[in-house]
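Before anything else, here is the set of structures, which you'll find just below.
Look at the two complexes coming up: chain A is in both, with chain B in one and chain C in the other.
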Partner chain A sequence: MIDYLVSVLTEGSIFAIMALGLNIIWGWSGDFDLAFYGYVALGAYMTLVLTIGPATSPTTYILGLSLPFPIAVAIAVISSMLLALIVGAIALRHLRGIYFSIVTLGAVYVLYTFAGQFVPLFNGYNGLSGLFDPMGDFFNLDFTSYPFFYLGLCVVVLCVVLFLVTRLSGSRFGLALRSLREDERAAAAFGRGIYVMKLKAYVIGAGIGGLGGALFAGYLSAFNPSAWSPVETIVLYAAILVGGRGSNRGVVLGVAVMVMGLQEATRYLPEIANQPSFAPAFRLILTGVILVLFIRFRPQGLLPERRLRDKDPAGTGGTAVAAGNAVAGATLDTGAA
Partner chain B sequence: MTALLEVQDLHKHFGGVQAVTACSFTAAEGQITGLIGPNGAGKSTAIDLISGFKVPDTGTVRFEGKEVQGKAPHVVSRMGLIRTFQSPREWPGLSVLENLILACFEPRRERFWRSLWGPSRAEKERANEQLIHARAVLDEFGLLHLRNERAGNLSGGQKRLLEFGRIRMAEPRLVILDEPMGGVNPVLGERMASAVLGFVKAGTSVVIVEHNLPFIERVTDQVVVMAEGRVIAEAPFDQLRGNQAVVDAYLGEMPTYDDADA
Partner chain C sequence: MHEALLTLGFGLVTAAILSLSALAFTLEYSVTNVANLSHGEILTVGAYCAYLVQQHGGGVILSGLAAAAGGGLLALAVHNGVVDRFVRRGIGGLPTFIATLGVSLVIQNILVIIFGAANLGYTVPQGAPRTVGPFLWTDTEIQIMVSAVVITALLYVIIQHTRFGKSLRAVSQNRSLARVSGINANRVAALTWLLAGLIGGYAGFILAESVGTFSPYSGFSFFLITLTAAVAGGLGKAVGTLVGGIIVGIALEFFGGYLSASYNLAFAFAILSLVILVRPRGLFVGGRRSIFE
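Presenting the complex of A and B:
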């Protein structure tokens, strides 16, 4: 039971990291990116090829290094950001809305097909495996205590990511990004360089996605095209929408509800008439129903994005706020979460 | 009196439609310049060309002596030329206060690393000053009690005022107002007229596109009349009555400001 709980929490933390990345792209700057899971997958693939050592026949893959896990993760994140820079530079130049989504969907399918068909890259459909208990030897952990360590690692990384994105969210950078989401032409009229700002947000979000993918690789110890598909992005979107688009705490809650909660609640459904595909199908239907209900009745999500609030009741003086909140700047700079 | 904005021989066509033809005019520093003309005269296209939202086929736009035609909108905006749009373009999901604060473009504070690192002491003070300034501006436009409200929830007239508030916050050298009086009642119109005059006092010169002639008569120092893509007259408003081309193209029977009030 405890093993089960640990694995659910580990997976939940990893998905929360990914969702926080996607939230920057969709929640803040407002681009419905369908390539996101590609950056997650690239992060996972790169972590594997950088840690599992050279390929032995019949497997083939590039690199095949035996780098320490943290270094591999760092390189994996940078790879995801580079790929996002290329895709984003093309897709964000002129395309918006559904046209942007279609191009990113195309991009992720290119990556998916490439990873599957082009064997020398990541060993094709057989994928990569062999990353067992990263950093376990370094800390002298056996296989019973290792899952606790990895859970701790994922939770710590999640907390760091959450801290950083919360900081960004309430900053001028985060606020300015939201102005792009709300009205791009007005944002340009007030001096914001739309393309560069959107590209920045896109690359940062993809980097966080790559980080989630790298941790996912360490958790699964293997990765291949049957372990992911571009559609997985939708699960992350569902979590963001239910939790509260643009709100970091909301996104974490959304992952708890939609990824951990829903997934696990439907895991033990009785099999109906020997239909093994019933449970996964039912889960998808349930996800769809919940999404529709939220879009209809609570589009802002469970924990809506917070707006900057002027807490001075009269709103006339400056000193009152300064006294009340140490520095009013603090109200401004941490207002949104 | 120096020309802040100098438009010279602008041309722009869309397919077979010649939207702007040999458009030339100037807007002087410290003045309010009206831009009027019938629908389809090319006024909106002209301001799109000036503000960088469209690229002219030929011609030059000089702002403070520097050529800006073909530059990106945000580049033109950073030089101190801000435009508004025919329908108010607030950031609907942000609060009224956020709308005002974001009107000030601050490249340093908006940098990614700067934002990640956190604001310095001076920047916190700056943010505080900005908040106080924003409150004063909101108070001036009667929006103070709505400052924490979602901007998208405001009424049409309030959104117009919010737009003006953003201009006050941004303090550009020149603002181009695109039909600010569209759908605005006379009482609010009075408030907006004084706001436009207030821009000039605060050091922002104004170019204003408007169909409301009493309003134009009241606030402008100089009026540019466009018809069929070209400028047909450039004179103070009271001299336009005697200009037959202007009367034929646009004015017809001339209403006065008193008529509109009655």
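Presenting the complex of A and C:
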């Protein structure tokens, strides 16, 4: 039982990290990026090829180094960011809305095809394996205590990421990104460099996604094209949407509900003969239904993004909501202060 | 030279399937302004409906009709159940697009639960290849191409020469204006989606016939190629889409025949990205947005 709980929590933390990355791209910057899981996958693949040592026949893959896990993770994150820089530089230049989504969908399918078909890259369809208990030897952990260590590691990373994105969220950059999302032309009129800002957000988000992928590789100890598909991104979108698009706490809540909660809810589904895929398929159906219902009935999610306050102490302005009612806004503000 | 002609022959088969699928997609887009990401599932459901009919001893014609009916009903259900409600409430194109992605996930996995995730195939034989001029086609492939041409011609007549077609064109150009002119835009949109579903379901059947096998995911992969054709032709434009389908279909066969079939999807997307980046409104655009340009 406790093992099960540990694995659910580990998986949940990893997915929360990925979702926080995607939230920067979609929640703040407003770009519906379908390539996101490609950056997660690249992070996972790179972590593996950097840690599992040289390829032995018949497997083939690039690099094949035996670097320490943290260094491999760092390089994996950087490679995800580089890929995002290339894709984003092309796709964000002129495209918005569905055209942006379609091009990113294309990009991820190209990556998926190459990962699956081009054997010298990541051993093709059979994928990579052999990353057992990263850093376990270093801390002298045996296989019973290791899962707790890895859970701790993932939770710590999640907290660090959460802290950083919260800082970023309230920074000038984070605020400016929201202004792009709401009205790109107005933001441009106030002197924002749209393209560069969106690209920055895209690359940062993809880097966090790559970090999630790297931790995922350490957790699974293997990665291959049947373990991921570009459609996986929808699960992350569902989590963000349910939690509250744009809100960091909301995203973590969303992952708790949509990833861990659904897993638990469908855990006791009856096993159907000859149908090993029944429970996962049922989970995806629920995910799809919830996604549609939330877009229709509660697009702001369970924990909506908070309206932003004017932090300038000299300003008399209240919140954005109170703009129409200056008196009420001011009173509320004093009360809060 | 001979080999090139053979490849062209296979390309024409792919082009026939692709054009039908892309036309259906464009019809959906033209009346609702929604890029329907669950379009691939219309094809998949068509393929499975035909499979069911063949399991009960139905022939090719009955299978084709069942595929069309299944696709049509699904498209109508997606329109009335999801898309129309979103459009009417003024929820924008992008959120609706995301919702159709959710719908696609739901349908795929319902099929996984009912039929399993493994590949299935039809029992009706393809027939021996025969030489037609310089080409080499099986009976099935000839059936695919002939039916595609007939359906396209029918569609042209419906859009250009019927009262419904006139309303369809009106709604696709300006939904609000069509409404104040006394056209029941919701009904026209629903019927258009039904029509698109009939074509899409049949396209799914001939796709499965031509490939030989199908799975709950095959429609979605083919949808990615459909998207290439539709965007290359210009979203929401029937003639452009038709030409786009033919060009992309033939290009894919040549790419697959001479380079590598495994990278077909990647190649399709290379075309798509290029088109979107260089000519985002399609290769053959004039000025106005209309289904017949």
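Operating definition for what follows: the second predicted complex is superposed on the first by the 302 of 337 C-alpha atoms of A that agree within 3 Å, B and C clash if a C-alpha of one lies under 4 Å from a C-alpha of the other, contacts with A are read in each partner's own complex, and residues count from 1 in each chain.
To be clear about the criterion, a contact is a pair of C-beta atoms (placed from the backbone, for glycine too) under 8 Å apart; a residue touches a chain by one contact, two chains touch by 3 or more.
Everything numeric here is computed off the predicted structure, so don't read it as measured data.
Of the two partner chains placed by the overlay, neither chain B nor chain C lies in contact with A:V155.
In the superposition on chain A, no contact is made by A:L9 with either chain B or chain C. Of the two partner chains, chain C is the only one that A:S277 touches; chain B does not reach it.
When the two structures are aligned on the shared chain, A:A227 is found in touch with neither chain B nor chain C.
In the overlay built on the shared chain, the residue A:I194 is in contact with chain B alone; chain C does not reach it. For the contact definition in use here, the chain B contact set and the chain C contact set of chain A share no residue.
Considering their complex, residues 51, 53, 72-75, 77-78, 82-85, 89-95, 97-98, 101-103, 105-107, 109-112, 114-116, 118-119, 123-132, 135, 138-139, 144-145, 147-148, 150, 166, 170 of chain B touch chain A.
Residue ranges of chain A in contact with chain C, taken from their complex: 32, 90, 93-95, 97-99, 101-103, 105-107, 109-110, 113-114, 117, 231, 234, 237-238, 274-275, 277-278, 281-282, 284-285, 287-289, 291-292, 295-296, 299. The part of chain C that touches chain A in the complex is made up of residues 35, 82, 85-86, 89, 91, 93-99, 101-106, 108-110, 112-113, 116-117, 220, 224, 227, 231, 260, 262-263, 265-266, 269-270, 272-273, 276-277, 280. Within the complex formed with chain B, the residues of chain A that make contact are 164, 167-168, 171-176, 178-179, 181-183, 185-194, 200, 204, 305, 307-310, 315-318, 321-322, 327-333.
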